[in-house]
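Both complexes below contain chain A, partnered by chain B and then by chain C.
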Partner chain A sequence: MSETKQSTQSRLAPGTPLCAGCGGLQAVQQLYRILGERTVVVNAAGCMTLLAIYPFTPFAGSWLYTAMACAPAGAQGVRDALDIQLAKGRISAEEDLSTVVLTGDGAAYGMGLSATSAAIDRGLDFLYLCYDNEGYGNTGHQYSPATPRAAHTATSRVAGFAGTKKDLFAIWAAHRPAYVATAIAAEPQDLARKVKRAAALRGPRLLIVLAPCPTGWGFEPALTVKVGQLAVETGIWPLKEYVDGRIVHNKIPRERQPLADYLRLQGRFAHLFEPQRDERRLAELQQAVDDYWREIAGNTRPSP
Partner chain B sequence: MAKKVALLQGNEACAYGALYAGCSFFGGYPITPSTEVAEVMSKELPKTGGKFIQMEDEIAAMASILGASLTGAKALTASSGPGISLKQELIGYACIAEIPCVIVNVMRGGPSTGMPTGPSQSDVMQAKWGTHGDHPAIALAPASCQEIFSETVRAFNLAEIYRMPVQVLLDEINGHMRERIEFPEPGDLEVVDRQQATVSPADYKPFDDSQGDIPPLASFGSEYRYHVTGLNKAADGFPTSKPELVDAEQRRQLRKIEANRAAIEKNEEYLIDDAEVIVVAYGTISRSARYAVDVLRKEGIKAGLFRPITLWPFPEQRMAELAGQAKAIVVPEMNLGQLILEVERVTRRVCPIEGIGRVDGEPITPAQIVAKVKEVL
Partner chain C sequence: MYRIRLHGRGGQGIKTASRILGTALFRAGFEVQDAPRYGAERRGAPIFAYVRADDKAICERGVIHRPDLVMVADDTLLDLTSANVLEGLSGSTALLINSNRSALHWCQRLQLPGPVTVLDGGAIGARAGRVPAGAVCVGAAARLLGVVSRQALLTAVAEELAGHGAAAVEASRQAVLQAYDQFSSEAGLVQRLQVAATPTAAAPPGWIELANEALPQAAATITAPATSRQVATGLWRTRRPQIDRQRCSRCGLCLNLCPEGCIDLDEDGFPVIDYRYCKGCLLCAAQCPRKAIRICEERAVQTEKPEGGES
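Entry: the complex of A and B
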């Protein structure tokens, strides 16, 4: 009971300046609820660097900014210095802090990927949370390597994003770290279970949390959870984890909702529906989702 | 015929200036307060058959414009603060490999993240000394949206003529400020393209200075092939550590600018002829300075404005001449004393020189300048 009670209490103080309905903040609240203040959060430039307002911070623990490209490298120094203090007996095991890297998709999928690769390679004991809002939200939502195909952003306004979303889960998993998972705050139990599982392991542990973004994606803040649920139910955001060398899908929708149900709620895809439905492009996007699930159908099993 | 007019942000005017100059490639990365340059280019370049690309980071953005330029495109990037710091290695590479390109720096508070939405003029020395090694530098500091348009065109011209990176220094105020601008018609402003190679492909040397200090630049993809490196190199582009060749190359690269100061330097003078106090101001703050000069004149104080538009190379000869007639010089700038060092150096401090530094994210006001002028007189 006490654990349940604790898990519903937010340890992240209210009153942050983030946009209403921020799907990223929901995930960070969940993470902090479980990890608590005995953490050093190492942040790269992005929306979450805006959490503190002079002279207040919502974090009860410590927080450190590094440059956009190298939050995991900053975390390396923090972890190593904590280890030195532990080894010299200056702090006890109970006083130790866990090292958390917090970045958006711009840093995680792009500019900071090299630093993450190197940190995993070195076996750094850290937990990385990427809040993936599929664009550079902090500068006005330009496209990033996480932007889905066809989405309008501030730098793909003409015909929508021409690329496809990078598969960061696969890239991170290919490094064979201790743990990788995808999650979303609209599935809070799944997210909580994954954070707890990651927290209990040692070594590099990485979470990619899809962060529906009312401001950048163009939907009413009240719809954040709905959009998030549809991301899972349509199958465009598969919930999965990599642990012990295996990839497991945690929630396989029995009947996937049509992808258009998810897309049509978002202004960034409005050009696929107005002035008339772009059946060809919608079919192409649906096909990519169908192909994904067909491909993994042979080697997945639902979690118990 | 009436000119086409628009109400544009400085950053937007900069992008349209680049397009006027014939820019066909933009490689960038989102960063406040420069991102509008990228946003306009993302919309406009595809219409003209050009290419906009958002790269994975600032270093990649800089590298992409160098590749595009060597392949014949006029290329632009825009950034700010930490982004400009990240580009420094490749700015040096563009200097030594003599690759024309334009880098827009919309200056914000620093160091580090500083104040992303606050103005600053604290990258003046970085624009000259930011990358390591001895190297030439050209940096322009326009004040108004109209001038941002025309100076961006001039930046491309200078890059093409002198085969080197040129920096356009805006700041968060004039980058985001909206003003009426008149679009020049084609032909109204001079647009210069790089000198093309004319020798036979077999004889082409990318750094051959036998015809002058600025060797013609052939494009990859033409019939010419050549080797480009960041190492010190000889005329054929291949690395060398022969002292006499290295020395000659390094000196030639600085001479490109020194020997052509008259063609590169540009400044504006306002009520300067009988001025006893000269205010030296640039970019956004020159507008406060001009207002202050008017206020002082109304009060009978003979103040004048010297406004360098080319910060590097600094118009040192004219500055030194003017210092000879002045009782005092006041240098207001949104930093804690950068261009003032150059004013002190070139005038040999023949008169008292006082700075006004401001780094709190607010512009220097005319009242501050008026007060300082009265203090020094």
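Entry: the complex of A and C
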């Protein structure tokens, strides 16, 4: 691989206080290697708050911190300021920076959804990266609108989360922005291709990256990639893109692994296996995945 | 008042330990306060929690600077200045260390004025079935206080761990009891300080009115790039990955997957891990297609090389 050719300027420096084995940081690392320091990262409150705690930052480029709900609004201000500077000739086109919003699922799926919706409506030229660790990870992993059904969190104990994971991809795609995709750092080539594709477009471009979280999900940090790969192979995290009004699935698992293989690795689902296997609930969760892919197969059948 | 400070690493159940101890003291009839320190509670990172217990209402708040009992669930923290384990220890402070080294070893090494006790919690936790270090130590800590009954302790464990299922409660109860019984001869070692002992409570505040700061100071900007390189997160690590150059095929996958970005390639294209930052997640070792990354105990490596090399 050609990583040796990369300058250190386009790397996120080490020394951040994020958890060992963080699947979110892994994705941000991969993203930053492609976008580099010619960016303004607008970061809503969340785990990634910890990236830049004064006086330390891993970024070679700019970073701006906002409250939880308003990162896309912050990005609008940054974009407008840059555009004004460009129009007045104070900076050249080469000196222009791209605007990147970085938030967790709490902000993306919940508190910040309205600000994102409005930014897409205005056609803001920005790239949004949501690291989705399926809960409020930074405060002890309470449930969020991205928490999957039956997952144990600090606020859904005993039987686990009673709701279902919100389909943010569909919500974002319904706005008809330039680009929407799902990805995961455990599939680095797919993630890199999507970041490059998004970077080449203009307008609102949004990426949701599933971020396996050793701390909140309850698995050993060494298993972050394994858990991520299983999320794709079991079909619970479909890799897909929305572009030019069409949704394309990038990796349709030929034979999906049983969902239980993915769930069993994680402490947040331990109550489904101990003291005895909860066959009824496991079947219900498997059914939801099967239904999704059956619908996809139905939709894609006409195309050769 | 009893002032108890708990130290451990993220993932060792230190917050839960403080809750168990707090609930047990409450069951024993005390007014109680227990809280973890909010901040970067990261797996492997140093974690702090505080318990106060008194016969009357507790007006004191915040960090405990002058503890009566310090519980250390991970003895590698004693080597970390940032973990601040020894802060405010006096001749009357009891120190409880979870370690497979002797109390004499720690007494000589740390040169402390107060009593030092050691619990080999690793063995107890493993026997009971992977009980986190924090929970094991809490059994010994409760006995050192001398005012917590077996029953109060067991009830507290059951209450605090109820959400983790019956098996976890049972394993923890066994481990906690074993530590509690092992410390029977040390019961009541901890002395209660009768006077307010935190510097904030002792000294009246001498307020000085300051004008609001100018914006550049109030909302400070970091102008230098990549300053996080000054933060040695390698101190979190308890085990380290080591690259075996004989087996490495130089595919670069480890470098691509490292969440910390602390792997680089040398001139020959071999990956090199920067141990100043590697947090020891061991994800690289798990993913290496050639199994060319070995896992070594940090303690063993550091004994070999007391200087602590960088690669």
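FYI, the second predicted complex is superposed on the first by the 288 of 304 C-alpha atoms of A that agree within 3 Å, B and C clash if a C-alpha of one lies under 4 Å from a C-alpha of the other, contacts with A are read in each partner's own complex, and residues count from 1 in each chain.
We adopt the following convention: contacts are C-beta pairs under 8 Å (C-beta built on N, C-alpha and C of every residue); 3 or more make two chains touch, one makes a residue touch a chain.
Here the structure is a predicted model, which means the values were calculated and not measured.
**Student:** Based on the superposition on chain A, does the combination of chain B and chain C result in a clash or a fit?
**Tutor:** Partners clash after overlay.
**Student:** Which touches a greater number of chain A residues, chain B or chain C?
**Tutor:** Higher number of touched chain A residues: C.
**Student:** Once chain A of both complexes is superposed, is A:P58 in touch with chain B (first), chain C (second), both, or neither?
**Tutor:** second
**Student:** Would you sort A:F169 into first (chain B), second (chain C), both or neither based on which partner it touches?
**Tutor:** Neither: A:F169 stays clear of chain B and chain C.
**Student:** Would you sort A:G21 into first (chain B), second (chain C), both or neither based on which partner it touches?
**Tutor:** A:G21 contacts chain C only, not chain B.
**Student:** After superposition on the shared chain, which partner residues are touched by A:F219: those of chain B (first), chain C (second), both, or neither?
**Tutor:** A:F219 sits against neither chain B nor chain C.
**Student:** Check the residue A:V158 against both partner chains and state whether it touches chain B (first), chain C (second), both, or neither.
**Tutor:** both
**Student:** Can A:P188 be said to touch chain B (first), chain C (second), both, or neither?
**Tutor:** second
**Student:** Just name the clashing stretch of chain C against chain B, choosing from 19-27, 145-153, 217-225 or 235-243.
**Tutor:** Clashes occur only in 19-27.
**Student:** Per the definitions at the top, what is the overlap between the chain A residues touching chain B and those touching chain C?
**Tutor:** Common to the two interfaces on chain A: residues 140, 157-158.
**Student:** Mind listing the chain A positions that touch chain C in their complex?
**Tutor:** Against chain C, chain A makes touches at 1, 3-4, 8-9, 11-23, 25-26, 29-30, 37, 50, 52, 54-61, 140, 152, 157-158, 185-186, 188, 214-215, 220-226, 270-271, 274-275.
**Student:** Give the list of chain A residues in touch with chain B in this complex.
**Tutor:** Residues of chain A touching chain B: 45, 49, 65, 67-69, 106, 110-111, 113, 136, 138-140, 142-143, 145, 154-158.
**Student:** Within the complex, which stretch of chain B touches chain A?
**Tutor:** Touch list, chain B to chain A: 29-32, 35, 38-39, 42-43, 46, 52, 54, 56-57, 82, 86, 112-113.
**Student:** Chain A touches which residues of chain C in the complex?
**Tutor:** The touching residues are 10-11, 40-45, 163, 165-167, 220, 222, 225-233, 236-237, 251-253, 255-262, 265, 269, 274, 276-277, 279-283, 285-287.
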